[in-house]
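One chain, subunit A, appears in both complexes that follow, with subunit B as partner in the first and subunit C in the second.
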Partner chain A sequence: MYDLIILGGGPAGLSAGIYAARYKLDTILIEKEYFSGGQVLNTWAVENYPGFKEIKGDELAKRMEEQAEHFGLEIKKETVKEVELRGAEKVFKTSKNEYKTKTAILATGSKPRMLNIPGEKEFYGKGVSYCGTCDAPFYKDKVVAVIGGGNTAVDEALYLTKYTKKVYLIHRRDELRADKILQDKAFENPKIELIWNSVAKEIDLVEDDKHVFIHNKKTEEDKKLAVDGVFVFIGYKPNNELFKDQIELNQYGFIRKQKMNSLETNIPGVFAAGDILEKELRQIVIAAGDGAKAAFEANEYIIKHN
Partner chain B sequence: MNKRVVIFTSPRCSWCRKVKSYLRKNKIRFKDIDITKDQRAARDIERKTGQKGVPVTLVNNRPVIGFDKKKLDRLLDIE
Partner chain C sequence: MAFQLTEDNFDETINSGKTVLVDFWAEWCAPCKMLNPTIQELEDEMDSEKVTIAKCDIQNQQALATKYGIMSIPSILIFKEGEVKEQIIGVVPKQDIKEKLKPYID
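Right after this comes the complex of A and B.
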């Protein structure tokens, strides 16, 4: 039986791994992807992680993984199918193995939210994209729609204007959530047209031309816009599928904090770290901090219960 | 015989970097075409595969969309 199993190899999980390895806990980290790093891998450049003025997301992830392995953390690239967290002996079943542990840290993070509207899946890669900075060159002199109003949405809309003729920025509220500095850039950019109070309902062809159908929530008006591409940036969704029946979540599906100064979940010996946890700010540096704290608490738990 | 591997990428595309580092790890040589520098390549790939997105990897002209590890393994005989 292991002392600790860490689920998820993003900054929270890897940081927990570094601390656990240094506490000499018998630990494994389970990551489902071929590369560790989680959402960090989808970040082009990180400019706010202390110690680096600018570092590529995948480079930062690689360094975290190397550091954890340097201290002796074992990383299993397996997909967990089932967990049983209640009881003194916690079980993780993967497609290949079954692992048992005294404590666990859930660091499964979050993933980009999809619109879940008709046409989104059908046109994925053929007019629907979740990365403007990747796919912009396919839309030279074309018209595109960006859905969302946060930092990512506005940043990507601005990037897309380098290639496209026009960008509709479609947001469900009457003001943007993005930082003021980005908002000003968007308002000043002649290629960006803001469409307020509106949500995307469907993506479909109208006489061979792609359209996004939108609904204005204020005026109740329905409209269709001819676009060549739709880019979606509407926030993140917690990866809670494996344990949602056992761990107490908040109304948005993030793991509920039970006490101010602890990362322990409603189940004793099970801790949470990083983006999966309910919090105000989801950042790499905070995830790494959570990881350290969760490993510390797991270590304390083991000392107390031995 | 070595297979001809061409990968269409853009600098900010994280999945492109994943495919490339996977190929490098398996010691597979490839030609990297940056569609932000070569606009025609973007049009070619769209015509050939219908894809308006990167990465697209061509293994002896057979397209692999995204980081499709299983398909890459199969086409490149990666164990």
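Right after this comes the complex of A and C.
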């Protein structure tokens, strides 16, 4: 039986892994993708992680993984199918193996939210995209819409201006949620046109009449906007499918914090870290902080219960 | 390493009589890198007499990307007798790709 199993290999899980390995806990981290890093992998440039003025997302992820492995963390690239967290012995079943552990850290993160409007699924990969850094080069001298107003949306809008002729940044409120430094960059960029108080209603990217219908919530007006592509960055939803019946979640599906100063979930010995946890701000540095704290708490739990 | 397609060998390959899976990718695309090992495993597991697993670097082969309407990567096209039969977009599990390939192999 392991001391600790960490579920998820993003910054929260890898940071927990670094700390757990240094505590000499008998630990494995289970990550379903071939590369650790989670959402960081899809980030073009990270500019707000201390120690790096600018670093590519996949480079940062690689360094975190190398650091964890350097201290002896074992990473299993397997997909967990089922978990049983409630007993003193917690069980993780993957497609290949069954692992047992005294404590667990849930660091499964979140995934991009979809608009769920007509045309979104139909034109996914044919003009609808969730990755600006992947697909921007397809829109050389074209016009695109970016939906959203948070850090990711504004960051991706700025990246898209390197290729496109014009970017409409469509946001449902009358101010952006993104960091001020990003907002200023967006306002100063002549290729970005802000469209406030508006939501996307329908996407139609059939040749010769490509457009998105938007609805202004203040004026109640509908408008047809000619665009070649639509990039969607409207936030994230929690990856809670594996444990939603066992772990207490908040109304949005994120793991509920039970106590101010603890990352322990409603189940003793099970901790949560990173984006999966209910919080005001989801950032790499915070996920890493959570990971450290969760590993510390798991270590304390093991000492107390041995 | 999967077979690399260019404008020079693309048509010849998709008309070879075999089923052909083409993974459109680029160096700057992180999800493409995540899909890479899956493509490698498919190549190892599939019968090479029946199916060709190939890759197309869209940075050097923009004309091919345009021709097949690729607007998002990673994107997989499955060809049979020179025609596009299926398109799979994004990082998907190996099993899903196998399911899509199945009708064109037996």
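One rule holds in what follows: the second predicted complex is superposed on the first by the 288 of 306 C-alpha atoms of A that agree within 3 Å, B and C clash if a C-alpha of one lies under 4 Å from a C-alpha of the other, contacts with A are read in each partner's own complex, and residues count from 1 in each chain.
To be clear about the criterion, a residue touches a chain if its C-beta (ideal position, glycine included) is under 8 Å from a C-beta of that chain, and two chains touch if they have at least 3 such contacts.
Predicted model only: the values in this text are computed from it and were never measured.
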{"item": "Subunit C versus subunit B on the shared subunit A, clash or fit after superposition", "value": "clash"}
{"item": "First, second, both or neither for A:125, with subunit B first and subunit C second", "value": "both"}
{"item": "First, second, both or neither for A:135, with subunit B first and subunit C second", "value": "both"}
{"item": "Partner chain in contact with A:42 - subunit B first, subunit C second, else both or neither", "value": "both"}
{"item": "Partner chain(s) touched by A:34 [first = subunit B, second = subunit C, both, neither]", "value": "both"}
{"item": "First, second, both or neither for A:224, with subunit B first and subunit C second", "value": "neither"}
{"item": "Subunit B versus subunit C as contact partner of A:244, first or second or both or neither", "value": "neither"}
{"item": "On subunit A, the residue positions that both subunit B and subunit C contact, one per complex", "value": "34-35, 41-42, 57-58, 125-127, 129, 131, 133-135, 137-138, 229"}
{"item": "In the complex, subunit B residues that touch subunit A", "value": "10-18, 21-22, 35-36, 39, 42, 46, 50-54, 65-67, 69"}
{"item": "Partner subunit C, residues of subunit A touching it in the complex", "value": "33-35, 41-42, 57-58, 124-129, 131, 133-135, 137-138, 229"}
{"item": "For the subunit C and subunit A complex, residues of the former touching the latter", "value": "26, 28-34, 36-38, 58-59, 65, 69-75, 87, 89-91"}
{"item": "Subunit A residues touching subunit B - in the complex, by the definition given at the top", "value": "34-35, 41-44, 57-58, 125-127, 129, 131, 133-140, 229"}
